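Some structures are shown below for you to check.
Shared between the two complexes below is chain A, which has chain B as its partner in the first and chain C in the second.
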Partner chain A sequence: MKVTIDGIPVEVEPGTTILNAARQIGGDIVPPAMCYYSKLEGSGGKCRTCLVKVSKGSEKDPRPMPKLVASCRTTVMDGMEVQNITSPEVVEARKGVVEMLLLNHPLDCPVCDQAGECHLQDLGFEHGAAKTRYEFDRRTFEKIDIGDKIQLHMTRCILCYRCVFTADQITNTRLHGILNRGDHSEISTYITKAVDNDFSGNIIDVCPVGALTDKTFRFKNRVWFTKPVDAHRDCDKCCGKVTLWYKGEDVIRVTGRKDVYGEVEEFICNTCRFDKKKTADWVIEGPRKISHKSVISSNHYEFTPLPVVKTNPVLMEANKEQFERDTRL
Partner chain B sequence: MGRKLLLEHINVPGINTFDVYRSKGGYAAVEKALKTMSPDEVVEEVKKSGLRGRGGAGFPTGMKWSFLAKPEGVPRYLVCNADESEPGTFKDRYLMTYIPHLLIEGMIVSSFALGANTSYIYVRGEMMPQIRILEKAIAEAKAKGFLGKNILGSGYDLELYVQPGGGAYICGEETALLESLEGKRGNPRIKPPFPAIAGLYGRPTVVNNVESIAAVVPIVNEGGDEYAKLGIGRSTGTKLISAGGNLKKPGVYEIDLGLPVEEFLYSDEYCGGIANGKRLKAVVAGGSSVPILPANLILKTINNEPRLMSYESLADGGFITGTMMGSGGFIAYDEDACIVRNTWNFARFYHHESCGQCSPCREGTGWMEKVLHRLEHGHGKMSDMDLLVDVSKKIEGNTICPLGDAAAWPVASAIRHFRDEFEWHVTNGAEATTRNYGLAHYADPLPKLETAG
Partner chain C sequence: MESLSNKRKVLEVKPLNFLERAYLPAIMGGLATTMKHFFKKPVTISYPEEKREFSENFRGMHSLKRDENGKERCTACGLCALSCPAEAITMTAAERKPGEENLYREEKYAAVYEINMLRCIFCGLCEEACPKEAIYLDGDIVPTDYLRKDFIYGKDKLVEAPLNQ
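Right after this comes the complex of A and B.
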């Protein structure tokens, strides 16, 4: 099947969604997705950030679709023409959706562990306005510990339902879900109950924002000061393929290996995630490639001072300490 | 006086019991359909009748039925949507309370036409008396052999169940209703697949409004062609209108579609005019989710033609100067009504009822509600009106289900038509909390339309 996205044609299998077709092309034309997760069946369609315009339905029925559609849940038709970043309407709608998502989001990025690898942060940076038009109190919740390793901070949640799908599909039993309705709805275990399961830690990885955080990593470090390294071990529960996040000599966090869309390649078990935090536990494969656009790679892999600094001895001297620290990292 | 098809015997004492209903010609449609017609013939009659869904969207019922997938060996379901919770609409409750057997009869005929052997009536949780009435009626019909195995010796089996909902407005959306009926959280599903392909328990399902199903009874009794003679244009048949607000005679009326709005409002046969000798200020013509119109625009279209109670005429002028038939919740406001307060009230309702699944509706409805609350209480700003219009545009069309649109339209239309009243609330904040803006020019005759070119 041939589908054209922003003027770029691509051949895809029947049944592919517009979003996945766009991911096959890659680059800037891939719609952002906050709730869709390719490894989770039934996810998507909720956040509305991936809205696109279908300007031609298919070869057979060339009528455009009347409304913007969620690209993550709309399957392609042969000859379909889709506009994403080339349509002002889509860009405008996406801006609106981002504004809505940020309405009740606390924007506490400076103290949030997710900062630096947060999808909402990226999205807000790309599409958000500098100032909010919302002049009311944001909704707030108490932090809850769901299990001894996971903390839920509902205030930051954007209700993507990914963790609910994860618990349904990856773990044996789901102990949490959505309570209430509308903007009072919250992820909760109802009567506070621990989410205790060998694979429960994956809900941290799938969370696009900082609502679910790893308690063994909370406030330990900013992600851009840590070095991701791929490693594996023989695990009887999962594939054992992880990314270790080093701070100096210490492994301070273990996560699944995330691809460019922030989706883990394979889900990992809680033993790997929370209990194996020594280099000796792992077989190191090498540094994890992180997109050069990410703030995580901005600090350490390559350090290039501004040209003017390099050529000016006075500035060189003034920044000496900084250079030493950066090259040491 | 229009013909009554649904409410003909509404005043007969005891019409809610099987015996009286039967003696007035009830269940004739079941006998006719099951004994003399094939299911496809019933569908054909409904198609010919031009009956349009009475729940709000006005989608032709016959066409909806013909879309139903019919794979071999897979059960099909008919679900009656009795989750009527739109502010201003109470026609289904009226029908279920006073003449429940009409709905049961319609369900039997419709289920027969669709080949469904199990059908559900999903009733809103707050309507507990109606749930009991329907269950009693079902028991009566079953005792007389109109439900259960081998109905009237035709070999057709049907079990009919009443399912109380949890009382959520969103469960009136057909896919949310199906989720709720399956025992899950009532979140609308993402379409496609449509219920006609994969509905209840993943099976082909038709979801129809109470009134649509009841209307099948006269269609089968008299034939689709006869039914299509009533009404006007593509709006055929009769429609129940629940008239509320500041009227002399509020209540549920059965009208022929095509009745002029003015006649409906002012004639003694229907609403009898505005109560207490007041003047009309505005009308919400089809339940809270349709655009509100000022008096002059509801009585006349922008082309100065009288506006009729029909799907087309009410929608004349699009969203700029028109409104929608919706579910028939006709709310009239007199000169003492405050449009800002009313808009806030609606926005509060949609904020409360948004399911919270998709972000524009979840966050946007709450935002609009808060801004309107501020306006109503005299703390608004001049920029708030543009903000509201902008927010409503960001919600409209970008959501999974039509609740987002339903929340956006009343706000956008109120600001479009009553902007001066909103501005007065800003400039005279303190005064706005003690008195209303009044009628202003909303009931003045329409200015002559300047035709372009």
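Right after this comes the complex of A and C.
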């Protein structure tokens, strides 16, 4: 099947969604997605950020679709023509969607651990307006600890349902979901019951905002001061391929390897994520490539990091002596 | 050799006349200039005792501000350290404990906040980057010292004095 997205033709399999067809082309024309996650079945269709305009339905029926469609849920037709960034209507609608997503989102980016790798931050920066027209109080919730390693900040949640799909598919038992309806919807476990599963930590990785965060990383450091390094280990539960986030010599966080769309390549288990935080536990592969547009790559340089200088007792003694000589004056 | 510009000036060396040969008029002239300055307003000031007024946009030592209730504004977001071209700022964040609400404004605060004044170039980018209006370069000239370690200013020197003291 041949589809044209923003004037670029691409051949795709029947049944592919517009979003995935755009991802096969890559680059600027890929619609952003907050809720769709290619590794999670049934995800998508919630956030409406991936809206696109179908200017020609198909070869047989060339009428345009009457409304903007969610590209993550609409499958392609032969000869379909799609407009994403070339359509002012789409850009305008997306701006509205971002404003909508930010209605209840607290602007606590300076405090939030997700800042720097947050999809909502990127989206707001690229598409959003600087001001909100919303005049009412934002909904607020208390922080909830889901187990001893994961913390839920419901105030930051944009209800993308990714974590619910993760709990459904990756883990064997479903322990949390959405309670209530509409504006009162909230992600919760049954009366703060711990999500107790070997793969439960993946709900941190799939969360596009800072609603689900790693408690072992809480306020440890900002993402852009840490250095991502690819590493692997033999794990009997998962693939063991992870990204280690270094600060100096210490591993302060372990996550799955995220691709250009912020989706993990493979899910990792909780042992790898929370318990193995020593360099000795891992086989280092090399520094992770980060887009130069990302704040994470700022002040990081494009070469293999030099080994951390080991403490040299002779040098330390000499320095101490020098220091004492200086201070005596 | 011919010069490139073909311009040249021929200097004439005239012999000195009587007054010039006497030297005294020239010396008197020089002394008169010196004496004139005794009665003029001096252009210099005696610095540490006397200080010139700074311009309005002078950038001096940093101070970490408190809000109207005396709570520290800094939330250790790290944007100042990120924007710092000299990499002079480091910080360690900590979580606010229950009961410390009157000390820190946000749930996160800077437990350690250090600026290396030898590295700092006083560009003011930290001030510009701060989303919480917590850091301002509104202080004096950074005082001199003898040791490098004494130029690393911690929170004890940077944070503003509490309100009612």
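Criterion: the second predicted complex is superposed on the first by the 301 of 329 C-alpha atoms of A that agree within 3 Å, B and C clash if a C-alpha of one lies under 4 Å from a C-alpha of the other, contacts with A are read in each partner's own complex, and residues count from 1 in each chain.
One rule holds in what follows: a residue touches a chain if its C-beta (ideal position, glycine included) is under 8 Å from a C-beta of that chain, and two chains touch if they have at least 3 such contacts.
The shown structure was predicted, so the numbers you read here are calculated from the model rather than taken from an experiment.
Visitor: Looking at A:110 after the superposition, I want to know if it touches chain B, chain C, both of them or none. Which is it: first, second, both, neither?
Guide: After superposing on A, A:110 lies in contact with chain C but is clear of chain B.
Visitor: Could you figure out whether chain B or chain C reaches more residues of chain A?
Guide: Counting residues of chain A touched by each partner, the higher count goes to B.
Visitor: Check whether A:15 is in contact with chain B, with chain C, with both or with neither, and answer first, second, both or neither.
Guide: Neither partner.
Visitor: Between chain B (first) and chain C (second), which, if any, makes contact with A:48: first, second, both or neither?
Guide: Only chain B; A:48 stays clear of chain C.
Visitor: Let me test your reading of the model: by the given contact rule, A:99 touches which partner, first (chain B), second (chain C), both or neither?
Guide: Touch partner of A:99: chain B, not chain C.
Visitor: With both complexes overlaid on chain A, does A:219 touch chain B (first), chain C (second), both or neither?
Guide: Only chain C is touched by A:219; chain B is not.
Visitor: Of the two partner chains, chain B (first) and chain C (second), which one does A:286 touch, if any: first, second, both, or neither?
Guide: neither
Visitor: Give one of first, second, both or neither to describe whether A:313 is in contact with chain B, with chain C, with both, or with none.
Guide: neither
Visitor: Across the two complexes, find the residues of chain A that touch chain B and also touch chain C.
Guide: The overlap between the chain B and chain C interfaces on chain A is empty, containing no residue.
Visitor: Which part of chain A faces chain B closely enough to touch in the complex?
Guide: Checking each residue of chain A against chain B gives 44-49, 51, 67-68, 70, 73, 93, 96-97, 99-101, 103-104, 133-134, 136, 158-159, 161, 177-178, 180-185.
Visitor: Which positions of chain A touch chain C when the two form their complex?
Guide: Against chain C, the touching part of chain A is residues 108-111, 115, 218-222, 224-225, 295, 298-299, 326-327, 329.
Visitor: Using the touch definition up top, name the residues of chain C that touch chain A in the complex.
Guide: Within the complex, chain C contacts chain A at residues 75-79, 81-82, 87, 93-95, 106-108, 131-132, 146-147.
Visitor: Spell out the residues on chain B that touch chain A in their complex, using ranges where they run on.
Guide: The touching residues are 168, 170, 185, 190, 351-360, 362-367, 370, 387, 393-394, 397-400.
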